[in-house]
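These are the structures in question, set out in turn.
Presented sequentially are two complexes of subunit A, the first with subunit B as partner and the second with subunit C.
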Partner chain A sequence: MKKVTYFPGCSAHGTSEEFDQTVKMVMKTLDVEMEEIPDWNCCGATSAHTMNESLAYALPLRNLVLAEKLSNDTMTVPCASCYQRMKFTKIHMDENPELARKINTAVVGEGQYQGRVAVKSMLQYCYEDVGIEAIKTKVTSPISGMKIACYYGCLLTRPKAITQFDSPEYPMSMDRIVEALGAKAMPFDFKTECCGASFSISDTDVVLQLSGKILEMAKESGAHAIVVACPLCQSNLDMRQPDIEKKFKVRYDLPIFYLTQLMAMAFGYPKDKMMFSKHIVPVDGALAHIGEVIEEPKKTAKGKKAVKAESEVE
Partner chain B sequence: MARVGVFVCFCGANIADFVDVPTVVEEAKKIREVKFAVDYKYMCSDPGQQMIRDAIVQYRLTSIVVAACSPRMHEKTFRKALSDAGMNPYLLEVANIREHSSWVHQKDKKAATDKAGDLVRMAVAKSIANEQLHEISVPVTKRALVIGGGIAGIQAALDIADARIPVTLVERSPSIGGRMAQLDETFPTLDCSQCILTPKMVDVASHPFIELIPYSEVIELDGYVGNYKAKIRKKASYVNFKSCTGCGACWQKCPVKVPNEYNMGIDTRKAIYTPFPQAVPNKPVIDAKHCTMLLKGKCGICAKFCEKGAIDFKMTDEVIEREIGAVVVATGYDLWDATPYEEYGVGRYKDIINSLEFERMVSANGPTGGLPVRPSDGKVPKTVVFIKCVGSRDKAKGIEFCSKICCMYTAKHAILLHHKVHDSRAYIFYMDIRAAGKGYEEFVNRAQVETGAVYLRGRVSKIYQKGEKLMVRGEDGQLGQEVEVEADLVVLATAIIPDKENPALARLLGISYDKYGYLSEAHPKLRPVETAKAGIFLAGCTQAPKDIPETVAQASACAAKVCGLFAGDTIKKDPMVSTVNKDFCSGCQNCVKVCPYQAIVTEDIPLGHGAKEMRTVAKINEGVCQGCGSCVAICRSMAINLAGFTDPQIINEIVAI
Partner chain C sequence: MITLSYKGKNTFLEAVNEKSGSDVLECYQCGKCVSTCPVSNFMDFPPREIMQMIKLELKEECQMANSTWFCLTCSACSGRCPREINIPAVMEAVRHMAIEENFHPDSKQVKNIRKFHEIFLDMIRRYGRNYELRMMAEFNIRTRNLFKDMHLAPKALLKGKIPLGVKSMKSAKAIKKMYEMADKLEQQSK
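On to the complex of A and B.
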């Protein structure tokens, strides 16, 4: 039985409760015991790091110091923003002990930062620490038949110097997990494009455009649904989807799942545990594809042969 | 009693800003043997040298110390000043107070001045023990080795051979011609690359002073300037070139298809092949990695159809030796693999190609008959996006330097595209247009005006597929806007990198290379074609990215250097070589083992005066010895001394501080 420290972040207790719940279900199945950091605090996203550098370090640092009091050597964070702030702080503290000492004075009551605990996103933890093979062995009801576009957003794999995980431009870790569950991960060029993030509230139009483009390309890829591992991605693509459809006079009908929701389904948890009722775009249409046989399109003539055919005609 | 003159240089501000030069002069004057000490702004200039010459005569000096820059820079200059004044040039010592003091101690003038004083004291002490030395003459083998048969190697070989000096030209592939043979037309005049290159290739093959060894590699180089010995491995071609007529029956019948390197893998060649129809020599070779007869012992069709019986499956690699006096290295370039540009989908989309692939497509003898087509479906593209600086000038993903030729060939590609597909349009994303060269700026203007190519200043941030099209999203920096171009084909002007074998070759030849694998010239400004090793020269892109005119100019410069080296029957060599005191030598032969130049052999001498019994002692070949001093350090009986760095000289230096 593995043990890991868990930092849920504020959205897990609010808008992304279904993420939090399914993470817990999935981890239980994967024989991972999660230990929530006692008395954790806000990670500082997104306002602290634009307003005050010291505060932007101090808030995550307190959580890192608290995490070191637990015996686990890894901390996992479901929210991409929280993950980014934690990892950013960890890397800067580890690289610059002088800065670490200075920032530590702000949270000195909690203890001294040592840099002992690794910070990983939920996706990274599942991919690296649990592993594809272990996930495969737990799949009891594969979600085969579903075509999925995996959307990573901008923070899970970028910037590379901070996340040190997967490709910053065309990551494949989530695609591999989705395939392990039996679904088909579609080639999707917009997997790391910006969704508009917190402009959702201050300048909604930006989000409608950016997220609209992501939905359009996901639809183009032939996907039945989009899978995410970030609460803000989920809310922008899901909650704003009706507005986007209205604005651009299109119909996408693409439900936005959390990765752990699909994992839980494949692990055999009943559908009513997934809290699908919290979704704006109904999920049933997409789930109806489960069990369908996907016909592989005939392989088109290889490029080089095509070129040759042309030259022979000449 | 020694009479030493000390000359301290300001080197403009280079030394004087961080070392108190007059103090160094005053310190020097305190040394008993120093009879004259002076400073000057530029000691290497003619007035500076005149000061040295005058002082030698006036003060009857017996040795000279110049405190200035590194001896690598001006030792020769000052030695000449000594000779001009009738003094043995090896009575000079250089105290390097620039690289070793002023430049490295810029924050502490006092420390720098003190150190400069110490360096001068050491040099004065050493110079007192200096002896008169005389240059050594060594014979020269008047034959040049040219490695690489691209345009650089071809030009160097032809120019040297035209001076009636024999040349051995070694080419790795089955034919000479190199990258230039793959090009369609050349900027800025659009003359056909093949038309100007192939006559030169034929000249190489027929030149009485050129020995062309294709399909071969240099595997060893021993010796020293004027007296190198090269080992060349002739790869088994499995075809007897003497009886082969080049009729082509073999490659027409060969059933094995292999991606064609000459066409950048766009089409296939056979396992027995000549790289291209104009190949020189126009004889096929068998690719042993793919021939089923050589791999599995089945087939042999080529041998059946060869009327001359030229196919020989039993042929093996052969190693030959050549004695040569100089080497020209011209191993050319390769294209950087753009896979790290994941945001462009390199590797995922077939319709993203590199510039050499485009070049092959628009080439009249190319795989598509001169028409650009989309690799995915064979359709002729109407909208082509060219992206420059892919990998070049990009520290994060690729390499820092500018590849120099891409601005020009991309303009050429726009023109060629327009010539081949009249209703097409080129979009060119660029960072800067670097068109410095005769007729270059005009050529870029021509591309813009004549073809209507749209030049967009900005980087491409993403390429994605939408239906059949590739959507190229980038920045138009001049409008300050994001732009998206629906492209049929995308051509990446990827960075130029040196041949991947360059580091191994450099180690083999004993020359240096930079962090990218480019071979290093001796001086970036004043000795651009020489390497730090005497007698080895560089031509073409093996040293840095270059276009054809520049490559040809450098190749001719190499030829001039080789001809200069071979102008006399002997070449002069520094006398800083080791000598063995046979009385002390115990014959342990440790020196033989450590000598990196194989300059030490052994000889048997009588055990004593008139004795019949013999003993073995070390003997040094002055011509081969490079004066590295390894033997001096290893000799446990202190029997070896290095001229110019004798034990008394070194001990004097140590005592002085």
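On to the complex of A and C.
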């Protein structure tokens, strides 16, 4: 049994409670024990680094120091924004011990920072530490028939120097997990475009435009649903979807799932445990495709060549 | 009056380079950042122009532009920059200098963005964690736009998408202390 430190993040108690719940269910099935950081605090998100540099380092640093007091050597973070702030701080502190000491003694005051604990997003942990094969063995009710657009957003794989995971342009880790669950991951060009993030409140128009483009491209890919691993992506694409449809006079009807919700479904958890009732865009239409047979388009000589070229790139 | 020197650096360019850890002089104006940036159409000057303005020492113009406030730090630009300039860090350096020196664009959009960040940080100072509903309510009150997003409220609240309360931290006091100390540190580094 693996053990890992868990940092839920503020939205786990708010808009993304369903993410938190399903992460816990999925990890239990995957034989990973999660130990929550006692009395963790907010990472500071976009606001801290926008306004105040010292605070932007100090808030995540307190969590990193607290995480070192637990015995695990890895911390996993479901929220992409929390993950980015933690990893950003970790890398800067590791590179610059002088700065770490300064921030730690002047601001945090929770004990020495050693840089002992690795920080990984939930996606990265599932992909690297648990592994696709282990995930496959736990699938009892595959979600085959569903066509899915995997949306990573900006912070899970970018900037490369910070995340050190997957491709910043066209990541595939989530696609591979989704395929391990039996679904079909659609080719989707807007995987790492930004949804507008915190402008959701301060300048909603930006989000309607940015998230609108993502929904448009996902629809065009033929997907029945989008899967995400970030609470802000989820709420922008889900909660703002009716506004986007109204503004651009279109109809998308694309439910936005958390990756762990689909994993939990495939692992055989009952539907009522996923908290689908919290979704603004109803999920039933997309879930009705489970069990359908997806007909692969016949491969022409040209198509084969293209497929080959893609695998060569990998 | 705005001065070009900053913390012993003779030029704006030098100061931005030191603060961002990047060399803006490397920029050869290819414009890849502009075509990549998801919000360049909202900016007074897209990233490429900001880079050139820094080289030309147009400090006031940079600080008074909304560009650095619109930067989402999504890092799409820096990922594609052929000169490997950390453009978001450059944007952030200019913005932090503007905050320190109290130079802000006067547009309503930037004021709202700033207010949002202030309210968010205020939630963390008070509760140690974000209190989403209260943050949204305070934003509406402080921007005098009471009915913003009200059409979402019935659905979002009924479905429990946005909970009414917050599970605040036990050591919220420690966070308040951290805020004071961080402010002190920022003052010192000025």
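By our rule, the second predicted complex is superposed on the first by the 296 of 314 C-alpha atoms of A that agree within 3 Å, B and C clash if a C-alpha of one lies under 4 Å from a C-alpha of the other, contacts with A are read in each partner's own complex, and residues count from 1 in each chain.
Everything below uses one rule, namely that a residue touches a chain if its C-beta (ideal position, glycine included) is under 8 Å from a C-beta of that chain, and two chains touch if they have at least 3 such contacts.
On a predicted model such as this, the values are computed, not experimentally measured, just so you know.
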Which superposed partner A:Val206 touches (first subunit B, second subunit C, both, neither): second
Which of subunit B and subunit C A:Pro159 touches, first, second, both or neither: second
Which superposed partner A:Glu169 touches (first subunit B, second subunit C, both, neither): both
Which superposed partner A:Thr15 touches (first subunit B, second subunit C, both, neither): second
Contacts of A:Met217 with subunit B and subunit C, given as first, second, both or neither: first
Subunit A residues touched by each partner, larger count belonging to subunit B or subunit C: C
Touching partner for A:Ser141 - first (subunit B), second (subunit C), both, neither: neither
Which of subunit B and subunit C A:Asp189 touches, first, second, both or neither: first
Residues of subunit A at both interfaces, subunit B in one complex, subunit C in the other: 168-169, 193
List of subunit C residues in touch with subunit A within their complex: 38-39, 42, 70, 72-76, 78-79, 86, 88, 92, 95-96, 99, 109, 112-113, 115-118, 120-121, 124, 128-130, 132, 135-136, 139, 148-149, 152, 155-156, 159-163, 166-167, 169-171, 174-175, 177-179, 181-186, 189
In the complex with subunit C, residue positions of subunit A that touch it: 10-11, 13-15, 17, 39-42, 44-55, 58-59, 62, 102-103, 106-110, 154-155, 158-160, 168-169, 192-194, 196-199, 201-204, 206, 210, 235, 239, 243, 277-280
Residue numbers on subunit B that touch subunit A, as the complex places them: 259, 265-268, 342-343, 345, 348, 350, 367-369, 371, 373-378, 462, 464-466
Subunit A - residues contacting subunit B, complex: 167-170, 187, 189-190, 193, 217, 220, 300, 303-304, 306-311, 314
